[in-house]
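What follows is a pair of complexes built around subunit A, which joins subunit B in one and subunit C in the other.
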Partner chain A sequence: MAEAHVTRAPTASPCPAEAAVKITMILTFVVLLLMMAFGLLMRLNQAAVVQLDPTMFYRLMTAHGIGMVGIAGMSGAAIMWYFVSRHASLTGWVFWALLSSFLVGVVAILASIFIGGFAGAWTFLFPLPAMSGGVWDTGAAALYLVGVIVIGVGFLIYLVEIGRALIQRYGSLSNALGWPLLFTGHQDDAPPPTVVATAVIIVFNGIGTVVGAAALTISLINLYLPSFTLDALLAKNMIYFFGHVFINASIYMAVVAVYEIIPEYTGRPWKASRPFIAAWNAVMLLVMAVYPHHLFQDGVMPAWAMVMGQIVSYANGVPLLVVTTFSLLNYLYRSGIRWDLASALLVTGVFGWSVGSVPAIIDGMISVNNVMHNTQWVPGHFHLYLLLGEVAITLGFAAWLARGEAGELLSGWKSRGLIIYAIGGFGFATVFLVSGAMSVPRRWAAHLPEWQFQDQLGSIFAVATILGVGIIVIPMIKRLAMTMRA
Partner chain B sequence: MQSTILLTTFLLMAAVASIFLVSLSAASAGDGAEKAPKLEGVRLKFFIAILLLGVVVSVSSLRPWPKAVAAGSDVIHVKVTGSQWSWEIAPKEIPVGKPITFSVATTDVTHGFSVYDDGGHLLIQSQVMPGYINQVSYIFEKPGKYRVFCMEYCGVAHHDMTDELLVVAQ
Partner chain C sequence: MSEGRSLREPLLLLAIVSIALMRKVFEQNLVSHMLLELPLLSVCGSVLARRFVHVFDRLGQTVDAGGATGVALALLIFAFWMLPRSIDQSLSSPLLELGKFVTLPIAGAVLTLSWYRIPRVAIGILKCNLVSMLLVMSWIYTVSPSRLCNSYLRGDQDLLGEIVGILGIALGVVFGTSVFIGSTGAELPPKISSKREWDTANDNP
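This part shows the complex of A and B:
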């Protein structure tokens, strides 16, 4: 069997709660395949191939949305935890607490949806949880909100612990953010890329999670005390701020794997240069300022906020692409890399993230958003950078984690699985983009006959995606389980 | 407009894919001992080029202001109210070639008011927020039936929240 030449990076100390990281990866694959199956069912229903009751369609939609966002967050958190432990001393029980809170939250959310009938979409847009039109009761909505809050509390503890460990190791948060190098040019003080990225992520994701928790808590109180209300526009600002920040943090947490693993393949260390630190620090502010691009169709939003939303949408994508994509391609150039499943998936992930940014940035223009908002253009772009971006990087990390001392070259079923997954994922997202350009609304249980051809095509690509991911993850689950027993 | 957006998007996506393909085609070459090429200057130029492009695109796409609401004595006002799961529109018959301003409100949750032409193209939309009245303007160039759809998920009959407008020649 051919072997890839891979150098293992020295590990300062074993990752605390490594078993929990591996369990999270296995859990990720199970949830991913289940949520993909829900997605396929929804597309088949829109294609009129299967007949779902609309209440069931919207329950599946709610589960698919919160499930995918949640598992993206958990897998990203596991990756970041694993690599931060190379640079700072973490307390193992904290990750176990995050995993436990996630499992408790998932049980509550699934019960609220499939027993209580909650179908308020993952975005719980105020005041929809309290006004179901008689479809679900207050208890179901409360259980959903409590489930999300429990997961949020787990994330907050996780972020605080990482912040504590970085401050303990680097003396202050500003040192971990790389400010000495940024402002004085002292290269000796530069923390590793993983530390800079992590410090940025914990700042904005911490703020986002607190804002989300506030919106959830107010919605929860409103369920039982309708007189305790919140301005709907403020609620929407809070929810989209939280949602945007959280899903971006999920991708960025996963990207840390690229900084840590790719150098093992190329033999070229990924350095935190001044542009790298400047870009990540810019992102810390931009990712929080960009969310008004979700509110372009709310005419009562101030014009300055909309203009900011458009400009920052563009500006937010540039720094990370310049320092991550550009640098990755530079590090790979004539590196003599031998492709195995892990390296191929990681590079696929950066490709999916980069190419998916294009339709996202374009939708961040007000004039485009006027005709694309809440059409299938939106799932088109986010499936590109999540399905082919975050998911591919997570699969790459798991492949690297599950491999033996020397990785096997990319061939056979692994190669076929990757190709099927990539074609399926790209085709699936592209059909959404085309449907968006044809003005097909998103989140509709029943589709007009003229939209159903794309739905059928999308379903075929969805089957391919599930097949490809299945081929990749099933052997990986076995390997991860074996390494845990060893 | 939508086809232009799609074409532009695909061209830019193809450009990104081409950069990856060209770069990755040389990745396996080399013996692993070479250092990565020094491309700080190229990266800086690339960054400045993207920045300048952003300024041009931003200025040109924000003028005229894409959220402008028509005002004046010749504007026809249409009042739209959304409720789970129906629309109340008054008047439902509007003239061709005149600026129309839709004022949209809701009695319950957030909805999304949108108008589609007979070719299935989305022409205008606005969120319909509890406690607020949003406005959106449009001049209909052709008489005929236009469909009204809900564009914001508002509960389990969201997809059934449809209606029609009639645009008539004067």
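This part shows the complex of A and C:
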């Protein structure tokens, strides 16, 4: 094996609230494993291996959805915080505030679901929280909405703080976005890739969070004052705009780890070239314009919005995949990279992100969406994208954070854990995609016997995924805890 | 400029806003009541407070660290006067009307006295909160199935909701645009904690 190239970032500085970042990573592992167990239970129920009450199935589905989206956002936020602190001066208490609001929100959400019985799916689609058909009461729905609002407020403070730090360091967001370099070809203090990506993310995620908070507040008022209503289509647009932007932001935040860590292995610094800046700036607009592809089944949507959703779906994935995936391959080629758990997981994550985008682009065509929208094709896409994308990058970052001085290579149980996780995750998502192609519906608690073979197969892959992730994270938890005590 | 002369303009402004004739003009419809009278009262307090920033500087450092006390008090007062019930009752209760003319200038004053102590991240949050509250207020006033103020017509309420909505969007655009415009990349000075530092930083004796 070639000799390792390890270089430190030139602007490395201590990360404020580093302990909070490490706690977030440990929390991420615990939540991931718990939510994966919930997912396995749902698949086993569909496979008729276990019998769950349908209301419990939908409670688990709600918890699984909001838990995975929340922890993806939280882990992504931790990664971005850690690396932005290398380039701008951040205020430590802000990340502690985010972590605290997240924990308070999680307690409220879990109580609303498992004590109050809320089972309206993580998307809290208006006016469903107020129309439970007797399954949950108003208080449970309100507690759920308040929990999500509390988390949203924490994220808003976090985004504002990062924006403040970037403006303080670069003078304005346009400088942090690299606009002078993009439009004139010259910038004295050109931002590194992490700063460009972060500036893009805080713009669209900030807007998305505010829109989501408005939808949540309106839903909350509507719970207690039903005569105060919002146009249901407008509410759906607001919620899906927020949801789409937030979950995309979670993976984009995590991708920052690839820009910062991979150069330490390859010895080739990741540069913010004009195409790189152009791609990220394009994404800033595209990620906000593409959300109507979630609403193709709403026939009352304006035709222009539908057409925009389809066209932007083609365009949205391309810039980042080109500048990140293609560049990664370039940086890796003949670099003599030393493969350890961190580097392997990061590269796996970029692979999962890239491959996972393809089913979304296919489903972003109206003619395909008419057939596939309510099938398991859609969970196939986002499980591939998140399970082998965001989760893999997060695990890679944590492995890097918890690495020892010796620089252990990828072998033994680490290697086995990675292989089991990758096969399990890929198989699990593929079964969803194949089931979707066979028109197996999504979000159904009970399945026909004809569909149960796929459910059983999916359950086996789910067990493998949990096993693989467990093997990877348990030593990491120990090591992260030790580094916090040191 | 002498202290007496420097107080003349804000006190004159407060007097103009307060006289019965102007009150009648402002309060004859909901839009001017909410969007002219109430902000003008706060502006009066703010302009007055600017003359006393040095006087309260030392006190502020002990009781208003980070501007938290002032901001909390100002937000409480503003929140109270955002309620339709408060507006309605100020027209029928002289005591509440007096309270309005006392508390809103105080809110403007304490916000001004605290402003340079507030951390930048908190200013960002306040701006986001202002925009979102204006939009929520706009929604409440326009979708309410009934009149929220007995003293004003339903049409006034709808108009107020629409104007507040436009105001919220406009402020959002202004705040949003401002973060894209700035210097060429030099580090900004650190946040200051007292008026003396503020004056030094601004070369303002």
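Operating definition for what follows: the second predicted complex is superposed on the first by the 471 of 486 C-alpha atoms of A that agree within 3 Å, B and C clash if a C-alpha of one lies under 4 Å from a C-alpha of the other, contacts with A are read in each partner's own complex, and residues count from 1 in each chain.
Everything that follows uses one rule, which is that a residue touches a chain if its C-beta (ideal position, glycine included) is under 8 Å from a C-beta of that chain, and two chains touch if they have at least 3 such contacts.
These numbers were taken from a predicted model, which means no experiment stands behind them.
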Side-by-side fit of subunit B and subunit C on subunit A, or clash: fit
Touched partner set for A:460, first subunit B, second subunit C, both or neither: neither
Three-chain overlay, vertex subunit A: subunit B-subunit C angle, C-alpha, nearest 10 degrees: 110
Partner chain(s) touched by A:438 [first = subunit B, second = subunit C, both, neither]: first
First, second, both or neither for A:267, with subunit B first and subunit C second: first
Touched subunit A residues, subunit B compared with subunit C: B
Partner chain in contact with A:306 - subunit B first, subunit C second, else both or neither: first
A:104 touches, of subunit B and subunit C: first, second, both or neither? neither
First (subunit B), second (subunit C), both or neither touched by A:172: second
Smallest separation of CA atoms, subunit C relative to subunit B, angstrom: 15
Common interface residues of subunit A - those touching subunit B in one complex and subunit C in the other: none
List of subunit A residues in touch with subunit B within their complex: 5, 54-55, 58, 119-121, 123, 125, 127-128, 131-133, 135, 231-233, 236, 266-268, 275, 295-300, 303, 306-307, 310-311, 314-315, 318, 322, 326, 329-339, 347, 351, 354-355, 358-359, 362, 365-368, 370-375, 433-434, 436-439, 441, 443-446, 448, 450
Footprint of subunit C on subunit A - complex, ascending: 91, 94, 156-157, 160-161, 163-164, 167-175, 188-189, 206, 210, 213-214, 217-218, 221, 227-230
For the subunit C and subunit A complex, residues of the former touching the latter: 119-121, 124-125, 128, 131-132, 135-136, 139-140, 143-145, 179-188
Touch list for subunit B against partner subunit A, complex: 1-3, 5-6, 8-9, 12-13, 16-17, 19-20, 23-24, 26-37, 39-40, 43-44, 46-47, 50-51, 54, 57-58, 61-62, 65-67, 69, 84-85, 108-110, 112, 114, 116, 120-127, 129-136, 149-160
